[in-house]
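Each chain gets a letter, A, B and C, in the order it is written, and its residues are counted from 1.
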Amino acid sequence: MSLLIELNDISYGYRAGHSVLDRVSLSLSANERLFITGPNGAGKSTLLRILVGLIKPLGGEISAFGQKRVSDADFHDLRCRVGFIVQDPDDQLFCPTVVEDIAFGPLNLGASREEALAIVDDVLDQLHLKHLRERITHELSGGEKRLVSVAAVLAMKPDVLLLDEPTNALDEENLQRLEEILLELPQAMILVSHDPHFRRKLATRTLELRAGKMSEAKQLPAKKCTASERARQQAESV
Amino acid sequence: MSHLFGHDQPLSAQGGGVKPPSFVGSFDPRVRVVAACLFAVMVVSLQQIEFALGAFVIAIATMLLTDLPLRLTLKRMAAMDGFIIVMLVMLPFTTPGTPMFSMLGADASKEGLLHAVLIGIRANAVVLMMLSLLSGLTPVTLGHTLYRLRCPAALVHLMMFTVRYISVLHDEYHRLRMAMKLRGFKARNTFHTYRSFGYLFGMLLVRSLERAERVLEAMKCRGFSGHFPMIDQLVFRRRDAILGATFFVMIAALILMDRIYVLAY
Amino acid sequence: MHIVDGALAPEVLIGGGVLAVAGLGLGLRKLPIDKIPATGVLSATFFVASLIHVPVGPSSVHLIMSGLAGLVLGWTAFPALFVGLLLQAIFFGFGGLTVLGVNTVNIAFPAVIAGFMFRGVVARSNPTAAAVWGGIAGALSISLTTLFVAISLTLSGDAFIPAAKLVFFAHIPIMAVEGFVSAAAVYLIMKVKPALLMTGDQANEYAVQSSIILAEQANEANNG
């Protein structure tokens, strides 16, 4: 198994003397679905943003696809190969129609208009979202927005996917669609999520970020789940 | 409020907050606004370089009595100078008069050079005084001040809403822009770039309007009926009057000397 | 595009000030109190436009989007853009106090003119045609602004004429860029929320239509 992404001793803090990340290391291999959990404000999103070079860490190094990433150009190249699905799909969808928004990524990668449109149709086919093709992004439901934002990132044919709280504000039906989609994808991915049910279904490995330190998470307790959790499991078993 | 405005951000509209205000910051904002306007109007009517320099010195002195970060102020002045440098450099060559030297076949005149220098000094004096007197205000205080100075209420309310939402929208712009970057977007001289910026701005507009509708609904839910309360703690004290008077006398003296000089020669 | 304090002749400053006050008065009369929140938020959006930098050749410029402001706001674009210029002048030192009137007239009048010329045709067109008209409105607004700046300089003395010409020609690429960006923005708005570009009656009509369309979509969704 080759390492796709490696973070070594990443440190970061917003204020002097107060570190959000304290020498955090992490690695991602092919075929992994790595979950990162931890309390609110533990720096999970910050870690993802550092990984793709949106913010510069105070210390540590980042390598991806067997290459050290330092300069802006390095990270631009990295961002073209690592698909980042941001927490709020509204931050991502800015084009008038679904087809244009999905074509945006391929166009940035240098595809011609025709190529981009062909990719859009492939991706929509793959995710069974053909019916949304001509819809206005602004008028999609929350769940549809999430699925389209995933499609838009997949259209760039990334080697690795990063998902920041992908299950936020998803209804039951769309949550299930998302789970199916992610399970079918061949890419390695890093997911930040609080949802234990979602994690149990998808995770191949789980790390916990707490007080700036990263540790292997304990196996999820089988019984200790919330009332809504239990209701959902019962509903499924029936 | 916003990282965009002001340098020292007091917690309350008056400027109490944690640290005590600077000497300039301790005066009633109304006096500061009026003084800045008066200074600007008078300085742009100065005709002599010597007196314009005098005004510039007053502006520097005022700046030294504020607690504004020097570097930022200088940077802003340099930005302003960047706007006018081309025009100032061209002036000597386009003003007829006594030739001084020639460059690339064009004669530079003494009159033109002096005119350019005069404009440069006046512009810098006004901007420096304005930044010194006013940029330490919070936008909210500015709104209260203009309201108390009898600016139309609608205009003041409009300004307050604008100020309130600039930072919100600027953050939203940043999130959208970051997400574009994540999908490999790089601004270039291409049609794709301009279209993307157009979509970005259009989407920002659409979302702003919907936000405004929600804001108005929320205001109506709290009983809004066409009246915005304005609560401020502006007080006009004796020292404010003294400052105003001193300022007026100084500037009037400069103007008077300037005029006498022009008439005498 | 901003003119700074100290360059223009007093007559030009006073003329600009008087025109600006007149424009503000007219604009504020068209601004009922319950429209203030919406206008303020839009005014903030146009302020943010001035913080967005787009590449032009080897350099970059910030957006102005005054044509779009005219299309969306009509006469109220005048006070909305004035507020932006006032904040820029006081907090950033861009422009100045005595030239505030001239600068407002130079930027807001072209916006209002472009708005009046193209509002009707944009609202009646399909998104693609509307984009073309919107682009023309955006480019025209900037051209007029540049022209007005050139006129303000020329009126202040013959020595400024070469500088005025330079200002005009240097801004031709910016006119094109503003035109392209405005066109795309108008296209998006016509697709997503055409009510933004419509005057009162049209907007009501549209609201009825769109609710019908939404209802139809909902039905289709249920059937599918």
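The definition used in the following text is that contacts are C-beta pairs under 8 Å (C-beta built on N, C-alpha and C of every residue); 3 or more make two chains touch, one makes a residue touch a chain.
Listed by chain with UniProt protein names: A = Cobalt ABC transporter ATPase; B = Cobalt ABC transporter permease; C = Cobalamin biosynthesis protein CbiM.
Values in this document were obtained by computation on a predicted structure and should not be read as measured data.
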* Structure fact -> Contact-pair count is greater, between A-C and A-B, for A-B
* Most central chain, judged by mean C-alpha position against the global CA mean -> C
* Asked: Just how far, in Å, is the C-alpha centre of chain C from the one of chain B?
  -> 21
* To do: Provide the C-alpha centroid distance between chain A and chain B, rounded to the nearest whole angstrom.
  => 43
* With chain centres taken as the means of their Cα atoms, state the distance from chain A to chain C in Å. => 39
* **Overlap residues in chain C, where contacts from two or more other chains coincide** => 187-188, 192-193
* To do: Could you list which residues of chain A touch at least two other chains?
  => 95-96, 138
* **Shared interface positions of chain B, touching two or more other chains** => 196, 199-200, 202-203, 206
* Going by the contact rule at the top, pick out the chain C residues touching chain A in the complex. => 127, 187-188, 191-193, 224
* Spell out the residues on chain B that touch chain C in their complex, using ranges where they run on. => 4-6, 36-37, 40-41, 43-45, 76-77, 79-80, 83-84, 86-87, 90-91, 93-96, 112, 115, 118-123, 125-127, 130-131, 134-135, 137, 139, 142, 152, 154-155, 157-166, 168-170, 173, 187-189, 191, 193-206, 208-213, 215-216, 219, 226-228
* To do: Spell out the residues on chain A that touch chain B in their complex, using ranges where they run on.
  => 52, 54, 76, 79-80, 84, 86, 88, 90-92, 94-96, 100, 104-105, 107-109, 138, 152-153, 156
* To do: Under the touch definition given earlier, write down the residues of chain A that touch chain C in their complex.
  => 95-97, 131, 136-139
* Asked: What residues on chain B touch chain A, complex-wise?
  -> 175-176, 178-186, 192, 196, 199-200, 202-203, 206-207
